[in-house]
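Each chain carries a letter (A, B, C and D) given by its place in the written order, and its residues are counted from 1.
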């Protein structure tokens, strides 16, 4: 959510004083939702006044299995209560062994993915930083291709491949070594998609430094729920293959089942060279991230990339339990697709009934785009007052983004979509 | 710990297969200590075979209050069991309010520190990235001064101010916008400390881009337990003040009481413009970090720096409980100083008895430096076999570094120091 | 001319030994034309064996008025013989005063151009470096937009906005702070020209650092005689104006009448913010360059950009005489346009008669592009043996480029075009 | 000369209007010496009013053989009058052959220097840019070590290794990939010279990117006539050799006999890997430059570095004649040393008689340094009014720099030194 949407809000009238006197001005969500959250279960959050909120935000995609998922909670509390080791950097631990074995058995092997697993630190940005380092080390090249409206994180390496101009400006130094290319449908269908990228790659006089890698999201969540077509992703993978460019799929937000399958790229049948995962990988909102890559790319020296919190065992425990609970078979993925289709139908109806509105998204990452950009934030404010949490996205905050927990019941989905429809109508008046 | 020390080890003979077949070659500690850790309490870890290890490593400084500290554990499990909200980005939550209030009341106010608090993401590198961004934004300058043998993290911004050549090379792009200056005693007392830095700052032809900030550790833990003298830190602070350069103290490893006082710079009586904290701030090994800065530097726009895991409530809960338990008064800090003095005396005795060895450190960050650099790693291996965990540090891994939990009993300290003394003797033969 | 075309040649068999034993391998033209040049007059060069060559290369555009132009020669020798000052940095001199007055009177004033004149050093690259510095200083931004297949020079700043991959690689450091955009007709008419550039500029999430300036050639000589349409240039100027981006026209090769008018952009009716001139500005092949810019952009501090050879008085003398001789009225420009049209007609005939060949260019910068790229170099070799000097250009050296002196007589033009036609036919067999 | 010294002057009252209305504000020398120069012979310049000036500036070192040296003039006019080719890029020409042969025979061979010769373009900055490119290409590294108060030119690559902060700021982008080290005697003898550089090179944690090359001037002319001791240069060469770092000596100002021998590094008995020459290499103030390097470093591809004016034949002609006239034997070098010694003695006397003044320099690059920095510019202004041209140098313009033509007669030297002495006295009052 950008500052512009946020700044229109009154100044934190309902929060304890410490948020204005001690916390930095950089805070944002507590401005949009100025109330103190207390407890949470599944798709619901309750504040200190007892107000309940249906959560269609889900930790920006970090809570695909809902808040305090009971299966995961049991495993987590048992682990902690048993004085099992919590912090271990990259030592071997019981919890880490279990996670690696389960991830290999339930995720990698069934999909035929010959990936090595790196624990790059606990955030998506750590995973992206490690991915970029590795791509540069393997190829000996510096330049990375990113896409318009990409979002990959706030650390300097991750920020350099991020599109948002406000966040880029925060770097305070020129962000270089990355060149943006148009994402799918960037020109609204007027021109072929890879024209510019392919042409400039082939041209010895094009002036593009030869890239080490392309980094791409299959659906740009922060960028405005821009969905890359399957054919575009396939063409991109093929283009990278032909020209010896590594393909990095950043699946931090769209992975872990958000679009249906565990990896968002599965539907396209492509196999990226490097994949980043974070957000919902722990399943419980605990910090954790992975960088995955083909065995032959594993050229790291021991300790060449490290970090104090790359061995967060409580997260390994909940991650393992989440895989066991939801990814033993295809059921969960299928349910997500079905729910996503349902959401989309409801959104299409709203869009059809409202001028200047269109539906967009894939799986359970869906939203509404408003031609009159300021309406998106207005609708989110109205919805909050009616007990529904949603945020905006897109370069001008023109999209209302829905990321409900994948475990949200159909009734709750309908309830939330009902509030959304009312809010659209209310904000329209 | 660098790769050189690590590579001398046999290849993970005692670990489950998944560590070699699935985890990346980047793994390091599981090579030095090739056994699977199971449980941990206080200063002790037990592996799956029932072997117990006295932990003088303490999560590289992330476990100042020991493993599974019972006070903190109770608070944590209660929080989780009560379905209190776990993941919240930067919404207001009960746990966050309590942390902010407690931190302000027990840490900032008594020390007269007028700092704003930013939650920059859960790792020390996040805290450093935010600090550098802010310093650049405030000053409108790009260049940062770092010090020889500094360590600040693995993300691109943090890495650019880190000294270690192997880790720097991992970046894959030239790391620029930072210029290293000699740390205190870099020339072994032959030359005055600030000669080069002051001279080049004053010289209009010196060729140094005018810096936005200096980033410094009061004791360089990863860099080999290099200790800056109090007078040097004071002179550095004064130099920054006179020349309008922001002073960032990276207290990620040396803060939270490691050297005695909560902030390691307190003894010098200086007030940095920006401070980074992480590692032991949660007190339980849970990912958490803070960036602190003077009120007038709080020029952030809302959301200008963000991150999915900046609202890790379990960490806020244990952090609050840790502050309440250990930082209500000066007792804990004084005990740490006393213990640190005791450790140092024992180390001085070992050093006196062993040619080519010297003791170094401050508070409970102490160690032995070996002229014959390879001996440090050899001693750590021998000590591991005798049940003591310690790691090496320094550019050539020439220092045996002791970071025991601050809560370690005197008996355990003596037991560990006894193993160390035996290991030094054994490795010497 | 790229290395590929050059390397196919036998190793300098006909040159004095010193070229292989002492001169660096970087030498290039003496490989293509392995003979020692002695004298030159107008459009003709004579080698030490008495062979005469018709020069359709003209010092890569530095000899628009021919070799040893007698009008200019007289002025030059008089100046030297009179012990008039030769080297003066940026002191005031008689020759410099005359040049500034004449340039203002004959070039700037009649065209209504309110430009300041900088003497940035004697080469086109100096002029480009000064232009980029000034654009960055005025705007406070770093990023420059250049175009595919641009050529602006070999110094680090000029190289960063140049497209050729071989020459870029020579930098040895990543060339950053410049982003290439598609030049006119880059997609062969399939897509609208400014689609990508405008779209990414308008997009707050596009990831493009906001540019200080656009640098463009109206005809890309080195890039393969790519001609920007008048409408495209006008649209580019308008786009820069609307978005507060400075427009730099690099007229180093296409200025000084090469396309007809003194400045190549006159035909488009646009007024760039900054203009670079070099090559033929001295009129005699003597090193000289100018950077011109709007009065209000003249924010330089005295001496902020300097250089030992920015006051090359012999070049001022010939430059002044050249302006007086050729630019008192429109005649010379009109003759150039007429001759250019004639050349083009002949080239179109050759192209019509030869499969896979097309004519391209503007004014007296004309050429033939070959689908079978290697034929261009072959034709130049054949032509050389028949006494005609021409070079190739374009990213794959696929274009035979004709840059005859503008003063070449119609008979000589026809003679040269005849040799070209024969050479095309001969190389075709 | 920096802007500060210049800005104190009244605004060009005595110059033709065109200097203020048309020439850019960047002009500098015409501000210090506000008169129009007309003719020049040897060490004397005459302005349009008939005033004569003794030139102890000599084109900032570009006129070591004086203005319009008659030997060189004859050769030059003969060449031009004979319609010999003037502009030839890097074709073989009669003039170029003669220069290469003469340079090899009179300069390289007698000194046992196995250098290849590159014509990198006509300016010192071109020579430096080529040297840096080559060093990076050969080593595959990016970083360059330069020295405090170095001056190497104004193009982006040359500027990045230049110390002056005002000129660096003109770049408009952060200048990176170069790290300044203290020049000889930077600390006034308090600390050993290579302490910092060697220590940080040897330290795996020093944070210095491993350098491709060191670039150094043996005497820093623009930097304030800082003289490196012979032993320091030898130690630097040895340090580079031991650590596999290329040594580039920038002899643009101090070469061609300025300090006595042809190359300024001869006295130290060192052999740099790469050498740059320009300024006085043509001998007549005509733009010309050379980059010299060991045969085995000649890894250039043909045309990888090029430039329109790298074949400036009139400069080759005067350069050849200058070598033949002055460098057939050791006489000229010896005379320069003798004259330099004489100058120095006179300066020492002035210094001895004036508080806060010291003499400095080597060969015929000599000067006076003033503790009260503003006095240097004041003295130059007084001297100008008395008919002596000298400029200031040093980061604060605190040095009066004398670079008389090496051919200046002893009488003229004494006359100039007399004016200097009077000016010092006059400015002191």
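Basically, contacts are C-beta pairs under 8 Å (C-beta built on N, C-alpha and C of every residue); 3 or more make two chains touch, one makes a residue touch a chain.
The structure displayed is predicted, hence computed values, not measured ones.
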item	value
Longest centre-to-centre distance from subunit C, chain (CA-based)	B
Repeat of interface B-D, chosen from B-C, A-C or A-B - more than half of residue-number contact pairs shared	A-C
Distance between chain centroids, defined by C-alpha means - subunit A, subunit C (Å)	49
Subunit C and subunit D, separation of their C-alpha mean positions in angstrom	30
Subunit A and subunit D: spacing of chain centres that average the CA atoms, whole Å	58
Multi-partner residues of subunit B (at least 2 other chains)	142, 166, 173-174, 177
Subunit B-touching residues of subunit D, taken from the complex the two chains share	142-143, 146-150, 161-166, 168, 174-180, 182, 186-187, 190-192, 195-196, 199-200, 203-210, 223-224, 394-396
Contact set on subunit B toward subunit A in their complex	1-3, 6-7, 15-16, 18-19, 21-31, 33-41, 45, 48, 59-63, 67-68, 73, 76-77, 80-94, 97, 100-101, 103-104, 108, 116-119, 121-126, 129, 132-133, 135-137, 142, 153-158, 160, 166-167, 169-174, 177, 212, 278-279, 284-287, 291, 293, 298-309, 312, 314
Contacting residues of subunit B [partner subunit C, same complex]	173-174
